[in-house]
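Shown next, in structure tokens, is the structure this report addresses.
Going by the order they are written in, the chains are A, B, C and D; count residues from 1 in each one.
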Amino acid sequence: MKPVLSLRGISKSFPGVKALQGVQLDLYPGQVTALIGENGAGKSTIVKVLTGIYQPEEGSIEIDGTPIRFASAQDASRAGVTAIHQETVLFDELSVAENIWLGHAPRTRFGLIDRRAMRTGATRLLASIGATLNPDLRLGDLGIASKHLVAIARALSTEARVVILDEPTAALSHKEIHELYDLVETLKRQGKAILFISHKFDEVFRIAERYTVFRDGQFVGEGAMSAVTEGELVQMMVGRSVDQIFPPRSHNIGPPVLTVAGYCHPTEFADIGFTLHRGEILGFYGLVGAGRSEVMQALCGITTPSKGAVRIDGEVRVIRSTHEAIAAGIVYVPEDRGRQGAIRGLPIFQNVTLPSLARTSRNGFLRLAEEFRLARDYTRRLDLRASSLDQELGLLSGGNQQKVVIAKWLATKPRVIILDEPTKGIDIGSKAAVHEFMAELAAEGLAVIMVSSEIPEVLGMSDRVIVMREGRIIDEVAGDRMTPETLVRAAAGIAEAA
Amino acid sequence: MSILKHREALLALAILLLVGVVAARFPAFVRPGNLANVFNDTSPLILLAIGQMIVILTKCIDLSMAATLALCGMVAALLNGAGVPLPLILVLVVVLGGLLGAVNGLLVWKLGIPSIVVTLGTMTIYRGTIFLITDGAWVNAHQMTDDFKALPRAVIAGLPVMSWVALAAIALFTVLLTRTPLGRSFYAVGGNPHAAVYTGISVGRTQFLAFVIAGALAGLTGYLWVARYAVAYVDIASGFELSVVAACVIGGVAIAGGAGSVIGTVMGALFLGVINNALPVVGISPFWQLAISGSAIVLAVAFNSAQNRPAGRIILKSVEPR
Amino acid sequence: MTEAAKTVATGRAIPDRLQSRTTRALHSWETILLVVAVLVFVINSFASPYFLNAWNLSDATFNFTEKAMIAFAMAMLIIAGEIDLSVASIIALVSTAMGLAMQAGAGVPVLVGVGLATGLFCGAVNGLLVAGMGLPSIVVTIGTMSLFRGISYIVLGDKAFTGYPDGFDFFGQGYVWWVFSFELALFAVLALVFWTLLHRTNFGRAVYAIGNNATAAQFSGIRVARVRFTLFLLTGLTSGIAAICLTSRLGSTRPSIATGFELEVVTMVVLGGVSILGGSGTIPGVVLAALIMGMVTFGFGLLNVPGIVMSIFLGLLLIGVIAVPRLIRGR
Amino acid sequence: ENVKIALLVKALGIGFFEAAAKGAEEAATELGDVEIIYTGPTSTTAEGQIEVINALIAQGVDAIAISANDPDAVAPALKKAMDRGITVISWDSGVAPAGRQMHLNPSSSALIGNTIIKLAADHMPDGGDVAILSATSTSTNQNIWIEEATKVLPNYPGINLVATVYGDDLADKSYREAQGLMSTYPNLKAIIAPTTVGILAASQAVTDAGKIGEINVTGLGLPSEMAGAVESGATVSFAIWNPIDLGYSATMIAYNLHKGTATAAPGAAIPMGRMGSATLDDNNEAAMSDPFTYDKSNIAEFKSIF
């Protein structure tokens, strides 16, 4: 079989990073090719090259054997390449139909946008993926899942021959993920060539025919999915074998540190109550949108709860700001690293010391020597890779940025650390490191809350698991009840099997 | 969309209320003739505000609009003095305005300099250029030909041409913004520049076009202004750029880009126009004018942001205790 | 960088700095400004025989001192990602308030107190609207810009306050020592104060953090709203100080006082290398920009070049100093 | 060594001041050893004038003759100039006594005040409403004239002054203010604009409103700029003194004071070349000459001169 699209010798660099170095990629009609690689391997970059957003410095793109250049996203779309990108790339102020058709809207005889055709087209496309959305709705008024459906409809609106999905399931719930798999099957039957990017091996093995592996911006290998094992793929990805994912835990649980009771928020959650102990890892499981992050953000003074009590070491504490939370010894490592965690324009050491300035300064005046000392301690502890401590944080790779963000919270010497989706979008290698590190923290006597949507992680790491659904605690699972089945049922609101 | 409509309806109500209050004491104010007068008076503000709105939609701001107006107006007056026929003058000022806008646009697009810095600079450069080409001398009524002065005030079907130009611009730009790919791309670029790139829209190019449109509108208004007031000098319309931004803000254009409508902007301009025209009629000292429009701006901003605040998810409504 | 990262990987310890402070300073924006300033100084000395004269240079400083005082606070505000366009109007309102106090028979200390308090009050109004209610500062301050000056028009109309008490003229016309005016001394002191505040305190660090990423700063325990509010207080306060100096220098108050100052202040700040998008900039940069602008206007003035030609030059300078490095770097 | 005299005006580009500069050059030619520096800010602000004053001090000019944007705000800067030995006089628009040695009024303020009312009253046999459209609210000379005009108002029974508004010497603002006057006072019979920018804008507004013959625009204007209005009838007559003479006289006075051939003290008479001599009153103020009235009969003759 001949590939529809093939890339040869593609290189692309950013200031300080060679994101791609002479990589190759082939996509075949009616087949799903999985693109696999660690964080920063260059997967999203190749997608952007394929869709005309980046222009490579070297290499060629061929469609049906003819070389072609994409100067803009429109060129790529005209050539039949379409993508659902890793980040949502839609417009809140425009309607659903406009989001689907922006850039290639049907026109009337006078060259104006044909709104009726746009609306009916949108309805048809949405129906084809099983969605019934009013095409006139403002996109900003929709939920995350609906937005994702609009993004898919948009990708299908161009009559593409090549469809690219960059980590499409990261933001979707269980049910939606399965609908997406069905959709991929449909596209395959229509003879489209599909590039599927994912960190989840189970889904890769489930839907892909072929694989291509990148490591550090370089092509490592490709082949048929049926001829490879999970272990071999991991080996190719990281260049070494990763045998054990979850570290051994010493379940050495101490007295209660944090007690929450009757915690409510006007719109986001209600009746939250739990106890957290020294040396414990408490898992919070739920589907995306269950309200876990909001609870954690309220605990850390980012949002204001309407009522409820928080005790630390038995003492009632009122926390109205992150400042007070840090003083009380609770810190929150946010899920959205780029927006809430990292300050990319500031040097690494300033990022690390930001929440601890009260300690490193004297009477409000900075002491740089102290700051560097603190930054040195904690970055070493996390095995950070950087050229100097006054390097801008934004110049580091994502995984290393995450390390700095974690270092910055640890440097405050907290008693309770809350990690919100600490391994979301992180590759296997880094994941294991984070897990090991969490286990270490607990062993040192820190009380850890881990919010996660990944069942293996929740089960593998936690001492106990609290399941949330629609803003409330539905269940608390420990010991023998800690099975995937229990968690899924509780989170989805299905009654315990009779 | 529903919020937007809502906001415009409220603004319309506010204007009606204002007119009503004035009319209660001075019925002559609501004579159609006078209202037409108010509209005619507000036309330059409307024209500029539409241009500014498009620029703001794309996450930029154009502080040089008033200076562009002044420079184009002066050039129109000088061309008139040199005997250039009126139709050609009209074409030339629009082109010149577009070129001045293009300079702004290119600096923003090709060099990535923030628009506020670019236009802060070109604002003084454009105005200074007027001084350079005239040595500061005024062009007065007696130095202009009659047909040059007559065009904006020529009455067609009961309204002066100046008003017709504003009405035409309102219609044209409503269609442009709602019914053409370019118009929608202004919203897209401002609403989510990142996503616009993924959609194949060049953010810089779109911003460039917005500046060109704003410049061309300012150029046309420059002629109208100079012809109507029958004078051209360095300082005409100085400080007008801020009224223009104010009209946009009152009209509900989001300063962060991506949201706003022609009709809202026009009403924002009319709101200021009515205040300016009503104050002397009601007998309030003109010294109050500044404070009143300032308060209106602050209130409008506070109001718009209160309306845009996300309502929260209200996820709890489905979790009644069983 | 990849190479550096690899060598570090084996050693693990990460060096504090790669470049020495002097290397870094040489590559900075301030160095460019310093070169421009020296150039302007040299050109001026050749262009006019009157330039190199202590008293003349001292007179020239009045062209920028008041604006520069505000520019220091404005720089911090812009670094934090906000802007205050109402500063010139605050000057008008402060001056009017002092005029009213003067009519009520207030002496010099009371006048100064009234001036500072009014400035702080205006800053608090802006701060409340922006930091308290979360409104965009650019439009809020366009509104208060009309409002503050509008109030002063309502109070004064076509009248003026004159006859400030003896001794009040010291702030705008007095000399501390030899050719060094009170305003110049105050400018130097404020430069030092703001340099310390921005570059040597936790508050200054918070300002940079907020300007780079306000959400992350908030998550890191910085009281973002409080910092923003304080910054508006500071611009209000420095506008109040500038108003005292300007009123004293003019010896009178009109509602049209200081018209157009806000744009000159912003120009000064941007020319000083402060990113209008927030997150970066320094006080020494602003000091140099103030000196450049002051010397350029004075130099042109000595040649009797009309003010508007100077402003063309400043406009070109503003765009030029930002554009040229970008052009050279190929954007 | 030439005597350097700076003619500092409210703003560059205004026809009236350009004409005054011509007069100053005329005086310079006549005197032979004078260099004129014609300068001013670009917009009519006191701050702008102060920057120019500082630059003039630095250049060591011998005399400054200023038409001020604000009588009080520029006074400290001018006082500094006098402290450094510079002769300072004001003309046209005055400076507070502390900031100048003497002030040259174009004409006596009382006379101007009376003239502008009389010009309106002469064409209103039955009396009626009149309104004043002035320059900026801070313009010294306009404010004095208006004050004088209000004083003599009782001498013109039936003439009713309904409003005073300010066009800030901006053509567009003046135009709008004139429009406002017409819509607010439907019975308005005359608009008096004691400023050349205002009278021009007001006559344009009256022409546009189609009220020629109904509303008479009068006040102070330049013949060259007003010719059209007089021809169309929007303005029946207006008055002005000759700005060329004014610039000439100011230069002569500045020169004489600098050379010490005259001193500025109450009662002193300072020679003004072909314009005779100026006699100072108790405030060290003097008047140059009487205003001259222009109408259809003589406008053609003067419109090419200034």
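Everything below uses one rule, namely that a residue touches a chain if its C-beta (ideal position, glycine included) is under 8 Å from a C-beta of that chain, and two chains touch if they have at least 3 such contacts.
Worth saying up front: this structure is predicted, and the values here are computed from it rather than measured.
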Along the graph of touching chains, what's the shortest path length in steps from chain C to chain D? 1
Among the chains, which is located farthest from chain C on the basis of C-alpha centroids? A
More contacts between chains, B-C or B-D: B-C
What's the distance between the Cα centroids of chain B and chain D, rounded to whole Å? 36
Chain-centre distance (mean CA atoms) for chain B and chain C, in whole Å, is 30
Distance between chain centroids, defined by C-alpha means - chain A, chain B (Å): 43
At what distance in angstrom does the C-alpha mean of chain D lie from that of chain A? 74
Two or more other chains in contact with one residue: find those residues in chain B. 131, 136, 234
Hey, what residues on chain C touch two or more of the other chains? 157-158, 306, 308, 311
What parts of chain D, by residue number, touch at least two of the other chains? 12, 42, 166
Interchain pairs in contact, sorted by label: A-B, A-C, B-C, B-D, C-D
Chain C contacts chain B in the complex at 129, 133-136, 138-140, 142-151, 153-154, 156-158, 255, 263, 266-267, 270, 276-277, 306, 308-309, 311-312, 314-316, 318-319, 322-323, 326-327, 331
For a test of understanding, state which residues of chain A touch chain B in their complex under the given definition. 51-53, 72-77, 83, 85, 87-95, 98, 102-103, 105, 111-113, 115, 136, 138, 266-270, 289, 291, 470-472
Show which residues of chain A lie in contact with chain C when the two form their complex. 16-18, 300, 302, 321-323, 325-326, 332, 334, 339-346, 348-350, 354-355, 357-358, 361, 364-366, 372, 376, 379-380, 383-391, 395, 408, 412
Tell me, which parts of chain B touch chain C in their complex? 61, 63, 107, 110-114, 116-118, 120-125, 127-129, 131-132, 136, 234, 242, 245-246, 249, 255-256, 285, 287-298, 301-302, 305
Seen from chain B, its contact residues with chain A in the complex are 1-2, 175, 179-181, 184-185, 187-188, 191-192, 194-202, 258-259, 312-316, 318-319
